[in-house]
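Each of the next two complexes has chain A plus one other chain: chain B in the first, chain C in the second.
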Partner chain A sequence: MANVNLIIDGRKISADENQTVLEAALKNGIYIPHLCYHENLKPNGGCRLCVVKQEGVDGVITSCSVKVKEGMVINTKDELAENIRKLTCDFMFKTHPSECSGCPKYGKCQLASISQYVGDTGRNLRELKIRAAGDETNPLMLHEMYRCILCGRCVRVCNELRGVGALKFAKVDGRMRVVIDGNSLKEADCRFCGACVEVCPTGSIRDKVGVFREDLPKEVAQIPCQAECPAHIDIPAYLRAVKEGDCDKAIAIIREKVPFPHALGLVCNNRCEDGCKRKGLNSPVSIRNLKRYAAEHEENKFWKETYIKTAERTGKKVAVIGAGACGLTAAYYLNKKGHDVVVMESKKIPGGHMTSGMPEYRIPTQAVLDEIKVIEESGVRIICNHPISNAAELKKDYDAVLVAIGTSVGKKLDYLPGSNLPQVYSALEVLQAQRLGMDIELGDTVNIIGGGNVAFDVAGTALRMGKKVNVICLEKDASQASEEERDAALAEGAVLYDSHSNEEIVGDGNVTGLKVHKITNFYFDSETRALVEEAVPDSTYVILCDSIVFAAGQVTGLTETFGIELNKFGYPINPETGKSGYKTSVEGIFSAGDVITGTKFLIDAIAGGREVASLMDQYLGGDGAIEETLTEREAEPYIGKVEGFADIERNEMALREAATRVCDFDLISSGFTCEQALCESGRCLQCDLRNQIAPQKFWNDFVSEGGEQ
Partner chain B sequence: MKNLQADVVIIGTGPAGLAAAVEASEAGLKVIAFEKMNISGGAANMGMGPLGIGTRQQQDQMVDIDVEKAFKMFMEYTHWRVDAKMVKKYFEASAGTIEWLEDMGVEFAGAYKYFPKSEATWHIVAVNGGIGRNGGAIMNKAMLDKAQENGTEVFYETPAKEILRDESGKICGVNAQDKNGEDIHVDCKAVIVATGGAGDSPEYMKERMGVTYGKDLFNIVVPGLKGEGIKMAMAAGAATTEMSVEKIYILPFSDMGVQSVPVVFMQPNLMVNIDGKRFINEEQMQNTTFTGNAITIQKGAIGFSIIDSSIIKTYKKKGLDVVNFVHHVSDIDDFEQACQDIVDDPNNPDVVIADTLEELAEKCGINVENFLETVEEYNDMCDSEDKQFYKPSKYMKPIKKGPFYAGLFRPSGYGTLGGIKINENCEVLDDDWNVIPGFFAAGTDTCTIYGDSYMFLLPGNTMGYCLNTGRFAGQGAADYCEE
Partner chain C sequence: MEKLIVLSAVSDNVYSQKEKYLLDHYFEDIKKAAEAFAAENEAELIWLLAEEFKTSSFISLLDLSCVCFGIATPTGDNGYSCVQQLMGNLPRPMIQDDFTAEYEGKKVLVLTVEEALKKAEKTFIAVTVDGEVKEASQETKLSELAETSGTKAVLIGGLKGHLIRPEELSEYTVEDYDSITVIPKSSCIVDFMIKHINNAWNSSCGKCVLCREGSLQYKTICEEMVVGKAKPADLELIKETGELIKAGAYCPYGQHMPQPLIDAISLFTEEFEAHIKKKQCPAGVCYKKGATYVILPDKCTGCTDCMDECDELAIEGKKGFIHMIDQDMCEHCGKCVEICDEEAIIQVDGKMPKLPKKLTRVGKF
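The block that comes next holds the complex of A and B.
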């Protein structure tokens, strides 16, 4: 790469010989109007906006297609060049609507910006409007080609950069237009990558309203799965790795944000899929199941060496109370930042809800322990059977303490008569007893009160313990639970009593049944939160059982003796804000996870662990930077055509037969097959590729960046 | 978090913000301007030029208008329900502002009327030496260049979020956020709010004016006008004013399309309401404000402009009855085809075509009996005179030959007016009408000088008000900072 010297507008400039005159000028802050030129596309020289005068050459040259040469003298402000630009602008306005009002691109339109710069915003020559109606029939994107100025960037990006060719030029009624190569984008095998939207200078091709969130920066919002993930895992990148058959790489990418890829692959509530743009085509990519697939198919774990390497020791000591997902995540990152971390766990094994609050058949203990082992290998010390009764006392021996005990006490509705009988349990008591191998007296038949996911977790667990199971809930169809979990438990033999309200637990010393009645409707009073129901007259009866389980939520179980300020529900609060947060009432004691948010999902606990670790690192004198890179990214922009791409159906994991799976505590599905995983990961729209495309720049960007006009 | 220092922060770089930036930076102040779009100029980039009274252009063109005449006309029109001090000050400054722009290199094609009954106060910015469209954009660039030459820093895609005051109540800073979500804090002595109103916020228009988008108002939205400046100013203690819509009337779904359609339907022919009765002297249809008002008070807020095939033929042969620079076409050859395209578009209900008058009325949902009676009377009057509303005979063309065309007009608005209470120096006032030190506002966020209806008889008013109040605010901020 040799440099050449040239003069542009009287300024001496040194430029790489492979650059065009336009590139050299822009790089040096000299703005030359341009439209068909685009950093990611081959020069085309079609729009004639970038014309300049080269000394010694007749007429003008298009600066986007002429390479710099030694001794070149360029005048961008030449009168002929300026007049050509003005005429060019004016011609573009011949077909473009004369009123900008109503155009959603207003204020961000490159045509408006360029014409403002050039000084020709359209004259009164005869207008030749394009008679094309707006087209909103395609998913995700809309076309209003009456705004098109035929710069061709969409056609070129779709062909050159993507290799898809869903858009093309064609003559319609004797006039050149940009059209879809087929009756619809689906038919044209569009990959819905959004590149055409990204490069369109006007409002001709746009994302439909609602496809992306508007409250986030554009680059973040344009990858909705990642934006919705509380830990912001780079989802498109790991799906691409799965597609390439490189599960180790996929796990490395996931591990850049979360230390529990397998656990999440099994039980995450996948909000990423709610964001997935593909749901606008047919259905979202099955992201969680692909994560599980990657976790179960990785081989060499090349990431491990970097992953367990930590910063130089700082000599600071941190105690984490609770070895759940939040505490362990924070412990991993704090250790990584060089602090000595010890995690104290009251139960006999670490893992929190992952190993004692969810059913074994959804998340096997061994899978969780394997992931915890990696954290231990990085240097985190975990002490089990070690309950902490006072965080403030503990703080005396440590530089910082994290309270991450979660919500580990199940609620019982003690206002229900009979709730003090011996065989009345909370959901957590049953789940923990099963997971940790403790005795529990359930009898033959279990009545579970509650209609959320936890109720069906208990149902599945009790069924596998050989019990008969009834689930009694207020909601019609147990609508609080996910359909997936509800249907699995019902298939396994649980009996659902929906639209039922409880009167009392019946029993004389021991539980013998639950007195219930039917309801037609219910709600909770907005002020008192009291249950208001419309009962079916004379519908009271008793559902016989030997034990009762409340699946009615969990609490922290903390009291004042713990040494930090709590609110009336037992959650730590930060007196500065009056709310629960990462800081507590005691300097140096932090709190995160369910213990401040109430019972949420695994991914929320992990995300909270990350955030609090960063904050605690800063408290301990670090920079708080916990981002890490475990593998390189290569994303091929040339994605090519895939026949029938838009209609590829979502893959579902095969479930084991209900009759056999209920006999053991093994996972209810063995996950995606290799073929399914390849197909499913290939359904990804690769929204991240759009951020590779150079953002649209405006003349004032060059000016405000310190260049000359 | 990025921390910056400035004397003056300007929120919004439309004509008011830019004019303020030029004035403040000319006075040697350090100016930072926040713009949430990629482009400076705001809604004025689609405008054609500002009002000027007593200008050299008017002198050259022998236009008979001066400040006294304009002021009297204006106050008569507004029933003195508006700030006379501000009106006088603005009109008086307007000629100087035209020259001030010329000194920055802005060329004007001349002083023009918007429609025959208006005054020639509209100074159209020359596009390539003549009358074009969107010359406002060129004017705005000239101001931007000047402000930047004077050291003004403009941050694009960076909306301001909060205006800060210190314990003594003085303005002390502004918070903003850039496109990557990074917070920016500026310590400053003065702030000028000029964000252009809330014309793109149906929710805020509903809250402030009670109008329902899609029912009372079919807006030709200028994207981005969300009323943030008004909300920010109120949050910082500014008193608020009445807000109104700069009312016009449009074919809501066809305004962006082929121009001959709105142009032909806006000619002064027969306009009826859903009852099939006339409600306006159609000569007023060139005054979009008056016609917008008249349509608003009809049942269903709809007006039907009716023409027949012989009218179209006449227009094609002899030209239109009335033209203006905004709705200006060289010919209307494509009118019928464009109307047919609209009829064929299931999402566009703006045009109805029928072979008979009965069918036309039925398709439009107009009372057929009344409509036929109205057309008969109207056609009779075409032979004599308009005894009902006194429309000049030259505009009386009978409706006789099918196919017949109806254009369904609805009330619309260019945007909102008013919101932040200021005095004639553009100083922002609190609820007790006390000046908040260092706090200025300009442009449509503050414009209440028209009273209930936009003053269309002096065209160029909106842009003129923005430019001149922007200058007042910039000068005021400079004086304040020097003290």
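The block that comes next holds the complex of A and C.
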């Protein structure tokens, strides 16, 4: 790579011999107007804005496509060049709508910026507006080609950079236009990567309103799955690794943000999929199931050496109360930052809800223990059967304490008559008894009160224990639960009594039934939170059973004796804000996870663990930086054409037959097959590729950047 | 890298017929020379032929798997332009010193029909004189090939050429210009240039702003000259912008595009001015009273199709009302006649039918 010396506008410049005159000028803060040129594309030469004068050469040269040469003398402000530039600008504006303020790209339009710089000559040229109607019939993107000035960047990016070719040039009524190569983007086998939108200098091709969030920075919002994930896992990158057949790499990418890839692959509530842009085409990519696939198809775990390596020890001691997902995540990162971490767990095994609050057939204990083992290998010490009664006392022996006990006490609705009978349980009591091998007396028939996911977890568990199961809930179709979990339990034999309200638990010494009536509608009073219902007259009857399980939520179970300030519901509060937060009333005692948020999802607990770890590291004198890189990323921009891409259907995991799976506690599905995983990962729109494309710049950006040179 | 020779016979053919002539008369020579050239370069050979040759007799002598049909273009000798055609795209040239055109991983070399024939040691140049092809030697003066006494002007070199006075013809040889188009005395130069610039616009590939929009501006302005809409300053506007396009356009075609029009304006300024200022055509070709179009009130269904079609906004009406043509604004293009499904728009000579004077509901007239 040799450098050559040239003079541009009287300034001596040294430039790489592979650079064009335009690139050398821009790099040195000398702005030459340009439009069809784009950093990521081959030179084109069509817009004629970048023409400059080269001493000793007749006429003008096209600076975007002429390489620098030793001794070149360039004048960018030459009169002929400037006149040509003004004419080309005049011509373009005669085809473009004259009113800027109504354009959604107003203020971000490169054409407007250029015309501002170049100026208008007021020539009496003819208005030759393009007669093209706006087209909003395609998914995700819209086309208003009457704004198009034919720089061709969209066509070129789609062909050159992506290898897709969904856009092309065509003559329509004799006039050159950019058109879709087919009746629709789908038909043109568009990959919906958005590169055309990214490079369009005007408002001709745009993302439809609502495709991306507007409250986030553009480069974050443009990868919606990652933006929606509370831990911001680099989803497109790991899906790409799965597509390449490299599950170890996929797991390395996931582990950069979360220590429980397998657990999440099994039970995450996949908010990423709510963000997935592909849902605008047919249905979102099955991200969670691909994560599970990756976790179950790892081979060499090459990431591990880096993963368990920690910083130099700081000598600081940290105690974490609660070995659930939040506590263990925080423990991993705090240990990584060099602090000595002990995790104290009241139960006989670590894992929190993962090993005792959800059913084995959804998340096997062994899978969770395997992931916890990696955390232990990195140096975290876990002590089980070790309940802590007072955090403030514990703090005396440690530099910092984290309260991450979650919500581990199940609620029972005490106001329901009969709720004090011996066979009345909370959902958590049933689930924990099953997972931890404790006795529980359920009888033959179990009535579960509640209609959320936990109700169906209990239903599936009780069915596998050989019980008959009824689920009684207020909501029509148990709409609080995920369809997936509800339908699985119903297929296994649970009977749903929806739109039912409870009157009392019937029984004389022992539970014999649940008295219920039907309702047509209900709501909770906004002030008192009391249930208001519209009952069906004379619909009261008794559903016979031997036990009752309340799936009515969980609480922390904390009391004042724990040594930190609590609100009336038993959640720690930060006296500075009066609300629950990472800080508590005692300096050096932090709290995170369900214990401050109320019962949420696994990914929220992990995200909370990450955040509190960073905060605690700073408290302990560290920099709080917990980001790590476990593998290199290479994302191939040339994605090529895939026939029928937009219509590739979402893959679903095959479930074991309900009659078979209800006989054991094994997972209800063995996950994606290899073919399914390859197909499903290939459905990803690879939204992250768009961030590889150089952002659009305006003339003042170049001039100000030049100051650095 | 493997090589691919494209035998290109897609050059612009508005004024020149040389490719058809050469292929019809010297096909075997061209084929042999092209194949020899390909063998010499250890390259594959593909024929890129203009659509219009599909019916030519020589086609039967070609292996069709090596033939691609494309459209005629002034950039038919440019490698990148040919590759675009092979890919099924519109031709667009790429003109950079170090640019190598590639197709399916192969380096592309273009061989034009004339180059191939030169390799076959045929040294003549095929010159098209008003559509008829003659064989001439390089040094032949153009004046030897065309009878031009008593003509108005001569277009030499077609779209990329010059417009000159007939007496200047002896100053040019066939080496530089291989087509001669004689403009008879009776012709109107403005009328001729409208047709010419339409061809120029159609031939523009559209890649470069100056050629694409410049030719469209010229077409529009020239068309305005014969309907009394152009301004006297337009002649200067064309010349001034023409010089900038010549200096600034991307490819040789664009750089030559304005010249014939600039020449015409310079040589026949008075004739152009007569059209613009006096709204008269000295040759009596333009400004003939156009046909009068009317909308028959009993047939019009008030569908608005003709209103949408009319570029001049000369049709008044709204949905469900009988439409009316404003005769002052009508440009007699006849597009409304074509679009009307009811055959309600007719051309009238002499007596006008009874027409509504203000907007009237369909069926109420």
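Operating definition for what follows: the second predicted complex is superposed on the first by the 701 of 709 C-alpha atoms of A that agree within 3 Å, B and C clash if a C-alpha of one lies under 4 Å from a C-alpha of the other, contacts with A are read in each partner's own complex, and residues count from 1 in each chain.
Criterion: a contact is a pair of C-beta atoms (placed from the backbone, for glycine too) under 8 Å apart; a residue touches a chain by one contact, two chains touch by 3 or more.
All figures in this text were calculated on a predicted structure; none of them were measured in a lab.
Colleague: Judging by the criteria at the top, classify the pair chain B and chain C on chain A as clash or fit.
Modeller: Clash - chain B and chain C, as placed by superposing on chain A, overlap.
Colleague: Using the touch definition from the top, say if A:123 reaches chain B (first), chain C (second), both or neither.
Modeller: Touch partners of A:123: chain B and chain C.
Colleague: Quick one: classify A:150 as touching chain B (first), chain C (second), both or neither.
Modeller: A:150 sits against chain C, while chain B stays out of touch.
Colleague: Does the superposition put A:48 against chain B (first), chain C (second), both, or neither?
Modeller: Second partner only, chain C.
Colleague: Based on the superposed arrangement, let me know which partner A:175 touches: chain B (first), chain C (second), both, or neither?
Modeller: Touch partner of A:175: chain C, not chain B.
Colleague: After lining up the shared chain so the two structures overlap, which partner does A:646 touch, if you call chain B first and chain C second: first, second, both or neither?
Modeller: neither
Colleague: Taking the superposition as given, does A:99 touch the first partner, chain B, the second, chain C, both, or neither?
Modeller: So A:99 only meets chain B here.
Colleague: Quick one: classify A:66 as touching chain B (first), chain C (second), both or neither.
Modeller: second
Colleague: Is A:217 touching anything from chain B or chain C once the two structures are fitted on A? First, second, both or neither.
Modeller: first
Colleague: Just to be sure I read the superposition right, which of the two partners does A:701 touch: chain B = first, chain C = second, or both, or neither?
Modeller: first
Colleague: Of the stretches 5-13, 95-103 or 311-319, which one in chain C hits chain B?
Modeller: 311-319
Colleague: Residues of chain A that sit at the chain B interface in one complex and at the chain C interface in the other, please.
Modeller: The answer is residues 123-124, 126 of chain A.
Colleague: Chain A touches which residues of chain C in the complex?
Modeller: For this pair, the touching residues of chain C are 89-90, 92, 94-99, 201-202, 204-210, 212-214, 216-217, 220-221, 224, 231, 233-234, 237, 241, 244-245, 247-250.
Colleague: Under the definition above, what is the set of chain B residues touching chain A in their complex?
Modeller: Residue list for chain B touching chain A: 36-42, 45-46, 127-128, 130-135, 137-138, 140-141, 144-145, 148, 153-156, 179-181, 220-224, 255-259, 328-331, 334, 337-338, 341, 345, 347-348, 414.
Colleague: Considering only the defined contacts, which chain A positions touch chain C in the complex?
Modeller: Where chain A meets chain C, its residues are 43-48, 51, 59-60, 62, 65-67, 80, 83-84, 87-88, 91-92, 94-95, 123-126, 128, 149-150, 152, 168-171, 174-176.
Colleague: List the residues on chain A that touch chain B in their complex, please.
Modeller: Within the complex, chain A contacts chain B at residues 86, 90, 93, 97-109, 112-113, 115-117, 119-124, 126-127, 129, 131, 133-134, 146, 216-220, 696, 698, 700-701, 703-704, 709.
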